[in-house]
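Beneath this line is the structure, given in structure tokens, with notes to follow.
The letters A, B and C name the chains in turn, as written, and every chain counts its residues from 1.
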């Protein structure tokens, strides 16, 4: 029999005990689960970075995936479970952090608000829903409790909006924004490799990148190693997003761009 | 059958291999255990922070819980196992780091010194008892080896003292000290929510906080969100300790207080 | 039945999702494995530090051990599996990072290049072989797939060289170099305790350490606690390597030595 799979993601510091407590809560409720940390140490309250991180869920087995990036904890924001068409459960606050991942998991099959106290750890802390609401929900779902047991259904259009939409794709033009800057100073944008195919920009095409009033000549290639040192290149990153980088350089610093900036790429 | 539960806590850096080696030692001796990291990266040799961290054990399943914060390793300090009334085994150095957690786990049922070489990993390093003494003991206990097999019983009063006692509680006054400062600059003190109830200070009462010759007016509430930005508030933290904070501010910096400082709270 | 054992080591930051994805890939292919992180957060592309870290594998159970320190990913460097005489599989890039560990695991029994796409995760990223090549290989080996299935055998002498050789041992003289500097500023050298025995330098002998034109009088002892504060001492570290330290001081800063420096120790 397959072991249920639970992943945990949060903006807790990697050297803090909240992470260990969530692992323990998961294993106490569902001892047979494989519980893995997808990522912790996300910059605090950074919903964009949290949503970008959760886009890695398609690379994990189908399972219950918890995300605790939750600036609104203690307010009236809802706690939710989203069932994806791939079969996953995404569990976290209703602040948009779970939405971009659903686009990569076949879309939303059903969403419910978590209101049933039966599946919460007691007493429920006003500020630690990761321990008391989200992780217990993931573990009970892994034990086979039906999603409808947790609370009332929510229409997908009532869910809080994602921190970013997908890039606008037109003939020969992709208009996106920066959703991640990695530690090399390379940037990922809210467009998939497939978006470029749709816009008619193909592998090896020359492109013009428009960012912060810079017009940058580049090419769409497979990896940064295909251009000379110091040259700009666009390619699909390991998670399917288009990344713009300078080979052995820092794109973000060189062109003064940052998270959230608009980037237009044309053929 | 329930899987045995082992937690590991240490002051090793989160990017160091000693942690991975302890996990492996635990799993080699007791392959069926759920082994989780409660916390690593505790400030080096900081027994107060270690003891405060171990106060999270009541939130974990009953099991064997190792704590390696051990400035005295290589000296004559003893290695110990404490059995709690809840049924846990706490394993670590006899330097007080395990004591505060026992107060939250029903008290000490029995303590033994670890002297039986049969349950140590050989050769025993003079400086890595986490790997060679504490973790093997946790794993053998998880396999059902009786605590008396590990060495002679110690009377609880012979154990090294805790790094902090519980706050003194009188009518309308709680006299405590700061045992934790979190990364928001909020402080936790050595008093539980229940201590306030005992002293007659109730939820929503106005209080006067005396710290480093500051007299600070505040209230006992449920969470920091209940006061305006910049105001001081006292509430129970996620681990049951009373926390004093400034909503969206840094209490520790504002009032110049630090770990170990005395705090008096009166009605 | 024994659970297969898989360890993961990398130069990925401890707060990045690549680590979690590798854990998930391992568990998806081999759900019964015990998957532990030996160490992450190795300084990026540092093959010496990676090789030194993998020397901890003898302290882990026999299993499949992945190391992703891979500055050459995306180039023509080979992916390899090394079977050790102890029975482990070491999996990673052919850049020498796996070689020092083999010396402590009985030597190399067989090496193969990983070329069989059947055991890779698809599509294979040009820059994330940890996820797509190495971890899948570890998990399939744990499932019992024979090493010869993965690709053609390589003669050990064709493998890329180790980042460091073992120290030269002569009568009364060990000529080595620094392969690790710890966060206390103590240094480990490429000599084992046994090398000192071979050269005739015994426990408690006075020694002369020659490093960066300093001539330092010291002793070979069991631990740094055996000398007075501020004195230099040599002893076997927790991994069997000879470490040179100043009790409560920083050897590396005091004498201006760094990774890769030559150290000569004579009786």
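Odds and ends about this structure:
In the analysis below, a contact is a pair of C-beta atoms (placed from the backbone, for glycine too) under 8 Å apart; a residue touches a chain by one contact, two chains touch by 3 or more.
What you are looking at is a predicted structure, and each value in this text was computed from that prediction instead of being measured.
Between chain A and chain C, the least number of touching-chain steps is 1.
Copies chain B and chain C of the same chain sequence form an interface built mainly from non-equivalent positions, shared numbers / all numbers used being under half.
In terms of their C-alpha centroids, the spacing between chain B and chain C amounts to 34 Å. Of all residues in chain C, those that touch two or more other chains are 14. Within the complex, the chain B residues that touch chain A are 2-3, 5, 7, 9, 14, 34, 36-42, 53, 56, 59-61, 183, 222-225, 238. Of all residues in chain B, only 13-21, 23-25, 27-28, 31, 74-75, 125-128, 131 touch chain C in the complex they form.
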